[in-house]
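Naming follows writing order (A, B and C), and every chain is counted from residue 1.
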């Protein structure tokens, strides 16, 4: 790996981040944030962390970017221009001084630590027992499966939290339709959504399968599914479901529930989250497939936002 | 068989069930409360030294759950408090007046999420796992706060998220420096270097935000005061405690050799300042719920005032017990007080303390619950609050730490001033209008008062169970072998 | 540049230092940017910086540690979950800026 490439990439990361943080226009800021996320993905590739690169590009740049774009559009429709207002001089001077010293201190700290892949030595000999090749998947779904289990509930909880914001009359209801304002774009999205949703599904399923041995996995695949669902919804190929549909609820909890059940089943084999001998791979794949479905649906609904009252078409700016 | 995992898995199961049952999910608490109380009691009675390696993966990589004294007491108190709050929310639903159907339904999965997150956090010794549990609790906490004031919740959210990342940054430095994030392993390998000091500083700052220690408390009063009563109770009783417990793990277990006495006195000083500042602010409030919320700022102060007392003691068990029991007593008493305050405000003419007149006659049980909770918060005997303060006070005097001793005494007096003010308002004659209090009827009033009364009663009863609780708190303390001490306990 | 490290600067250090600067940059923007949506963006940059520190310092001479990678993936998912909630709160607050209890509840200490 050439050091010059790394250095240039890092400068570009810092540059895009700087613009994303400090440019006046919010849309430009978000655009640069997405570019920043993609460059971060490159950085992860350069570090040799393909799994993280996929997650960063799909989730860090993709989903987060869409979230910010939608939020900005909704704020604009509500008459909030997303201007930052002026910062008092003393504040930014003080903050500048503090953050510069913080940067220097943190950089010095980081340089005082020798980079090493210390736990790789611990992970490697344990992998044969799992029957999968991807070490990151091994950490996520075996050695530290407990973290991942809790994390899947954080994601579910975030959707519940978003739902809790629904206005009184809107519950239980549907999220605002993320329709394209431009009619032609709408048709394109609709047509491509119909085609792309199955493609996304197949691609995502492959990502999960590959995730046992190659880079990939439930979270990356779930994002692809969520992307397909969102695109299909934007074009009107599928409608967004009411928050109280039993089938929807089942799809949301399926992954976390199966994960939890397998964890509890482990008690029969000796303890919480223990995979019985020889079954590790089968159980990991089961968890990944169910988790990917739930993550896909959850992420799509997180992007869609809380249910809104039925009557007005939201993007038309009903409150304006 | 080792069932520690159930304390996390069962609430998560209830969360899923609540989501599947939708509107009727609220009835699940009728099963969840006794089941969790039973599990927590079982945990408290386990033989010392019970641990669980999740998935049986060994340590530098895996995650260790451990039933030490702090975990036992916090999980048990948490089970009683959350269970009671949940049961109370059946009769006094958080959807409340503004008819938020979404609030009424989503309250339940969020309650179970917080329950699982809190238990997971109390039990684990893994600092990254603690990050995930912190996020579980913070997420639920912000959502619950948003049920009252969206603006306050957003402020809470932003500062909590920044705090989480500062904590995670600390974890990142530790994992790079030591190749482990397990507290028990770090205790063996910790060394004094830049990375460790930086990590500890970042994590401490982050956790002080989460625990709302003065001067990082700013987000707490608006968020806690505006939320519906059951949500406020969860926020004040549970959410701020997790940050405190993680700090215990860091300061007393992983890095006791690195946290010098100066740093400990900084924490202690902030704690003392919090006691005084929170109490004065509570005295200045003319509305009931902000008063109770500022009292939380003050009570959190005691937890940190105890840090130098524990570290400075020759025999730390007694100060340690005082600190832990204070956390437990505050959980019980503050949850009771918020629930009672919620009922009182619904019956009163307005949300001002002056509007509480006549309530002592209209809802004697609820006002009694408020009063009993106040007794424990002030630290009057017999109560859990008294036992805790007594242990802390004797530790302070023994060490000649008269400043801390003084704050302990003055804090109690100030608490008496602001809490008696609220109480005496209830006994004042009905102020002019507001006779609609009677329309609620005595029967429902009685049922509604059960949960706050039970919690406040427990806070009082704690005063009689002091020795047993001190013994539990001494299980697997971070230093040496646990020594059982015989403290003086309330009559 | 800020690379004052001894001679051979490893790739891991380059990325970790970049992460450190990103973190500080994000913190700074969080303080001076007053709009909540921009603060949310800033928080995400801080997160990315922290993740990069984790990854960079886990990058040995010939391999990258799977453990920090897993931690970062967990962190990314947690971050997006919270960002979604934060964005939803910001939009809701703009929809209902003056719902009944907001004004008063914001400042209990008069």
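As a working rule, contacts are C-beta pairs under 8 Å (C-beta built on N, C-alpha and C of every residue); 3 or more make two chains touch, one makes a residue touch a chain.
If you want to know which protein each chain is, UniProt gives these names: C = NADH-quinone oxidoreductase subunit K.
Everything numeric in this text was worked out from a predicted model, so none of it was measured.
**Q** Given which chains touch which, is the overall layout a line, a ring, a star, complete, or other?
**A** complete
**Q** Which chains are joined by the largest number of contacting C-beta pairs?
**A** A-C
**Q** If every chain is reduced to the average of its C-alpha atoms, which one ends up farthest from chain B?
**A** Relative to chain B, the chain whose C-alpha centre sits farthest away is A.
**Q** How far is the middle of chain A from the middle of chain C, if each middle is the mean of its Cα atoms, in Å?
**A** 14
**Q** Could you work out how far the Cα centre of chain B sits from that of chain C, in whole Å?
**A** Spacing between the chain centres: roughly 28 Å.
**Q** Mind checking the centre-to-centre distance between chain A and chain B? Centres are C-alpha means, answer in whole Å.
**A** 32
**Q** For chain A, jot down the residues that touch at least 2 other chains.
**A** Within chain A, residues 106, 109-110, 113, 115, 118-119, 123, 139, 144, 147, 151, 154, 157-158, 161, 165, 167, 306 contact more than one other chain.
**Q** Specify, in ascending order, the residues of chain B that touch 2 or more different other chains.
**A** 61, 98, 128, 132, 135, 139, 142-143, 146, 150, 169, 173, 176
**Q** Multi-chain contacts in chain C: which residues touch at least two other chains?
**A** Residue numbers touching two or more other chains: 23, 27, 40, 53, 57-58, 67, 71, 74, 78, 81-82, 85, 89-90, 92, 96.
**Q** In the complex, go through chain A and note every residue touching chain C.
**A** Within the complex, chain A contacts chain C at residues 1, 3, 6-7, 10, 13-14, 17-18, 20-22, 26, 29-30, 33, 36-37, 40, 43-44, 46-49, 51-52, 55-56, 59-60, 63-64, 67-68, 70-72, 74-75, 78-80, 82-85, 87, 91-92, 95-96, 99-100, 102-104, 106-107, 109-111, 113, 115-120, 123, 135-136, 138-140, 144, 147-148, 151, 154-155, 157-159, 161-162, 165, 167, 217, 219, 299, 302-303, 305-306, 319.
**Q** Across the complex, what residues on chain A touch chain B?
**A** Interface residues on chain A, with respect to chain B: 105-106, 108-110, 112-113, 115, 118-119, 122-123, 126, 139, 142-147, 149-151, 153-154, 156-158, 160-161, 163-168, 170-172, 244, 246, 249-250, 252-253, 256-257, 260, 263-264, 266-267, 270-275, 306-307.
**Q** Report the residues of chain B in contact with chain C in the complex, numbered from low to high.
**A** Per the touch definition, chain B meets chain C at residues 61, 98, 128, 131-132, 135, 139, 142-143, 146, 148-154, 157-158, 161-162, 165, 168-169, 171-173, 175-176, 221-222, 225-226, 281, 284-287, 289-290, 293-294.
**Q** Across the complex, what residues on chain C touch chain A?
**A** 2, 4-5, 9-29, 31-35, 37-38, 40-42, 44-45, 48, 51-53, 55-67, 69-74, 76-85, 87-92, 94-96
**Q** Residues of chain C touching chain B in their complex?
**A** It comes out as residues 23, 27, 30, 36, 39-40, 43, 46-47, 50, 53-54, 57-58, 67-68, 71, 74-75, 78, 81-82, 85-86, 89-90, 92-93, 96, 99-102, 105-110.
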